[in-house]
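Read from first to last, the chains carry the letters A, B, C and D; within each, the first residue is number 1.
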Amino acid sequence: MSENKSGSMIVTGVIGEDVHIVGIRILEYALGEAGFRVTPLGSQVSQKEFIDAALETNADAIMVSSLSGHAEALVPGFREKCVEAGIDNILIYLGGYLLVGEMNWKDVESKFSKLGIDRVYPPGVSPTRVIEDLKADISSGRKNG
Amino acid sequence: MDKLNRKLTEEEFFKERKEVLSGWPTGQDVDLDEAIAYHKSLPPGKVWAKKMQYAKEHGEIYAITGMGVATIEGQIELLQCIEREGQADLLGTSVDSYSRQSDYEAAEKGIKDSKDKGRSVLNGLPVVNHGVKGFRKIMDAVNLPISMRYGAADTRLIDEIGYAGGHTSGPADALMDFWHHHSKVSLEKVLNTHRYGKRLIGYYEEHGVPMLASCQGLYGAGIPPTLQVAAIIVQLFTLAEQGVKNMRLHFATHGDLVQDATTSRVLTKLADEYLKIHGYKDINIYLSVSFSLVQYPLEPGTAFAVSFMNTLMAKVCNAQSNDIRTIAEAKGIPKKEDTAYTFRTVKAMENFLQGQKIEMNQNDLDLECKMAELEVRAIVDKVLEFGDGDAVSGILKAVETGVLDNPFATNSASPCKVMGIKDSRGAIRYLNHGNLPFTNEILDYQTSKINDRENKKKKKLDYEDLVSDLMAVSKGFLVE
Amino acid sequence: MDKLNRKLTEEEFFKERKEVLSGWPTGQDVDLDEAIAYHKSLPPGKVWAKKMQYAKEHGEIYAITGMGVATIEGQIELLQCIEREGQADLLGTSVDSYSRQSDYEAAEKGIKDSKDKGRSVLNGLPVVNHGVKGFRKIMDAVNLPISMRYGAADTRLIDEIGYAGGHTSGPADALMDFWHHHSKVSLEKVLNTHRYGKRLIGYYEEHGVPMLASCQGLYGAGIPPTLQVAAIIVQLFTLAEQGVKNMRLHFATHGDLVQDATTSRVLTKLADEYLKIHGYKDINIYLSVSFSLVQYPLEPGTAFAVSFMNTLMAKVCNAQSNDIRTIAEAKGIPKKEDTAYTFRTVKAMENFLQGQKIEMNQNDLDLECKMAELEVRAIVDKVLEFGDGDAVSGILKAVETGVLDNPFATNSASPCKVMGIKDSRGAIRYLNHGNLPFTNEILDYQTSKINDRENKKKKKLDYEDLVSDLMAVSKGFLVE
Amino acid sequence: MSENKSGSMIVTGVIGEDVHIVGIRILEYALGEAGFRVTPLGSQVSQKEFIDAALETNADAIMVSSLSGHAEALVPGFREKCVEAGIDNILIYLGGYLLVGEMNWKDVESKFSKLGIDRVYPPGVSPTRVIEDLKADISSGRKNG
């Protein structure tokens, strides 16, 4: 774990009216094990709550979980609000069951990329993969552009 | 201290009712007298409680799962497909998650968007928005009983409209709704609004309409069964007090047949005993099981194997209701064809097993039952002690102090100290019992079971194993 | 009278062998010494008997079914798919039906036509035509043990080439082959050619190569289990005499768990007892079950439910081998994807059930076991009496007189007087016991069980019910 | 059963190397119940055996069962041999699993119709339907050709 950019702060939460908590809990645990600091907001978190927490903790990334299928109604405007709040370049990752029903993954991904989400993950993605991406993005300074 | 678990008077009920019905325009269309007359006109085949009674008398098992899309037309198409192609015995209405948060504006927008896009953008049927009239169309279009399936901090308006619309069953489960269906609401508020819902069911019962109420306490994946049994039993007092007469007790099985059979036996015995001791009589109890997972299998073969386990468990647990997930559970809201396919398959399974007798090793079962009873009694008695006999105040204090707890609660007011883990045979044991009031005898038994697995794995069990347990069945294993 | 059940001397064996190998050009490539060395070089994971032993010791259950197409390349593609996509533990070679009739010319034409048409026009792999070399390519391409699966009046050349090619298991089942695999051949001829096949297996065993021989007596749909158990046991003497050491006893289950568990227990007990009494020692016995139907379900959901029952039965019967049909059984020779899908599903079910204990009601089981034992002993003892202790002459006379009989024999020399029917719980009873040497005690028990169902149906059971029984499971019912 | 053209003679059997006996047994039983006379040849019957039996019994129809999948090799020439034997117009019905593997039924049917088979049935056809067709064909004098 010494290789991590230890101390990077990650804000986590489940967006909207969504109550599914298990996935994000597991992710938080894995982030902690990998040497990240985590600010867990729990479930039913609004865009504003995410952004306020990110400002307050000077976070490097926001991990947004959405399982109920309503992400297409809940995510638009997120990036814009970050820009307004002066954290234009914060990493935003999104994961879970993003639409209602079965999803054609390529379409889903491009839909949310266009909304300024840096990385979009399908259900069941392993925390290991997410953490690898996160390390890479943080150290390369990759931000959404 | 006032007794909190007390039946709402008719006056209180109707006063509260006014306010409830004003929550959304469709509330005005609910006419209780008309609804009671409507229910009395339903054929027995459309009434959940009657189907459960038949199943219990004849040893039958009936599958059920959630079903819900945004529009009435869509819902009819879905349910008809499940009834005809799926050979289903029971139907359900999943309520969408905006409605569960009482956000009927968002639900309304969801209906509109769904019509525009020609696909449901809601994850369930917004019962309130469609109103009594909307649901009656569904009732006319199918021949089976329909149950509401949802959880909410405030269930009152959905219940009013849902039951008046023709549902003959629905949830009555404050703990489940507090723990799993809202992140911030207080338990006090949930218990309060839920009292109303139960009183509503009681009102139908008083007027000769059998209405089935479901209770499961908490979402059971990875959760030790005795915790779930305790969370169900303490709530039964609150159902019975408001006049609920037909109860569907739902619990999660986890794959160790001995433990699962034990859960069923202990729940049946203690529910009956505690209700009687507290003076609640003439209550019909039905059992319902899930083979409960957190993550469901993506691979359809493994998903079928899961429905088979669910059915086997229903058999082993003498359950009437076989609460399954479709084989597409891990993919998203299932297509109607997937649901029908799952039902059809499970129906054949049920047919094959129904007439059979399956038993467990008597010694194993006796020991497991003895220990499980101790665990449940320890929790339930403590809750009642907290409330000085009053279940509601007992529950309030118990949840606050973690005498009733939940490892994966969504609500931030829950201590979440308890942690379950599988033993080497797949039974869930207490890796951490948090503040549960357990004796050393209980704890030693738990430890010995955990040690078995630790010895096999040659390591201490930790969070990694917990995660692996949560995922195991989805990969086609019971314990890894 | 000469003893017919006597071990072939090496001289006799090698003399006969010359003639056998001359049956088709590929016979010349069989070199027994080389084959023995080859088998000894196989890793334990490719040896059926070793896998069965592991399964028995660890309570594991492994699925198997028939698999076969015309060409080696096609067969490799098929088996690799089942191994990888299907997560199989065991593989099989179905031999095509021309080869089963020793019509290698027709099989050769089938290979050619299959290559021309780009699809298999044969219903199995023509083992003889491809020869030892052909099969070795398959052995190199997979990592699991492969069993031959076929029946024939004359099995000798297929066995020679099949075992030398690398199969580590195959059938040794004269009664099955007489009754079901030829319409006109005499039992005497079948027993004679089969003696050779068993001696061949014995020869491998003598030279340190464990070879598993399967025996099921008759195809079990609608056939009373005790008749099948008797037909297996009388044949064991003929296997043991030729030196067979590893036996896979396969029997059909029918859906009544008590009867099916009984079959397993009685078969295990009596096989062991009779073998020991007759002085055959050091024999390893493994069990294999099918949930046996005549007609399989066309609907994939019901077909999955059938594989589930098959797996549950394997568990209830403590079987090592879970002999399933693919979900496409009723459609025709399955595509490799269907087979892999079925295997994957069954694997998850096996995983879920493997560590569990399932018991039957002890009183029900005791009674059923007692009666089943009486029935099996009545038949087996009569056969041995007929032969004056010599199993082969006993079998000959028993089949002729219908003391061993088969309701649906293909062979016209079989009396076909026995007729089985389901009782109200799905157990198969003797509607007609033909010439089976049953006491009144046995017959009264059978009648009482049949009466149960007659009383329920309020009619005498007849041929219509028999047909309905044969079809019931394919429609998703156990008994109608 | 009085309505049947009672006494019509039907020769039944399973063709070729095929041993599947249950289906044809059930059919024979049903034919008998419906008032037909049946000459059952059992399994593994050759074209010649079918035709000899038909000649000998003066049969109205031959019911050929084939489940092993080899009908495309076993049935060609059957009609021609009937013609040679002077029973040009005898009804020939064929049923079972006619090809190896899954079958596109329309193709199968036309393949065997072209070979002069009067009626071709897919697996699992109910005896009732077969008997209705048979009665109709016999009373209308319908023959192939």
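As a convention for this text, a residue touches a chain if its C-beta (ideal position, glycine included) is under 8 Å from a C-beta of that chain, and two chains touch if they have at least 3 such contacts.
Bear in mind the structure is a predicted one, so any value in this text is a computation, not a measurement.
*Asks:* Using direct touches as single steps, what is the fewest number of steps from chain B over to chain D?
*Replies:* The fewest touching-chain steps linking chain B to chain D number 2.
*Asks:* How many Å are there between the centre of chain A and the centre of chain D, using C-alpha atoms for each centre?
*Replies:* 69
*Asks:* Nearest whole angstrom, what separates the Cα centre of chain A from the Cα centre of chain B?
*Replies:* Chain centres of chain A and chain B, defined by C-alpha means, are spaced 31 Å apart.
*Asks:* As a quick test, compute the distance in whole Å between the mean CA positions of chain B and chain C.
*Replies:* Spacing between the chain centres: roughly 46 Å.
*Asks:* Sort out which chains touch which and give me every pair.
*Replies:* A-B, B-C, C-D
*Asks:* Taking the touch rule as given, give the residues of chain C at its contact with chain B in the complex, in rising order.
*Replies:* Those residues of chain C that touch chain B are 255-258, 297, 299-302, 304-306, 308-309, 312, 341-342, 344-349, 351-352, 355-361, 364, 424-426, 473, 476-479.
*Asks:* List the residues on chain C that touch chain D in their complex, please.
*Replies:* 97-98, 100-101, 103, 106, 109-110, 119-123, 180-184, 221, 294-295, 298, 328, 330-333, 335, 408-410, 412, 463, 467, 470
*Asks:* Given the complex with chain C, which residues does chain D contribute to the contact?
*Replies:* 17-22, 25-26, 29, 42-45, 68-70, 72-73, 97, 99-103, 123-124
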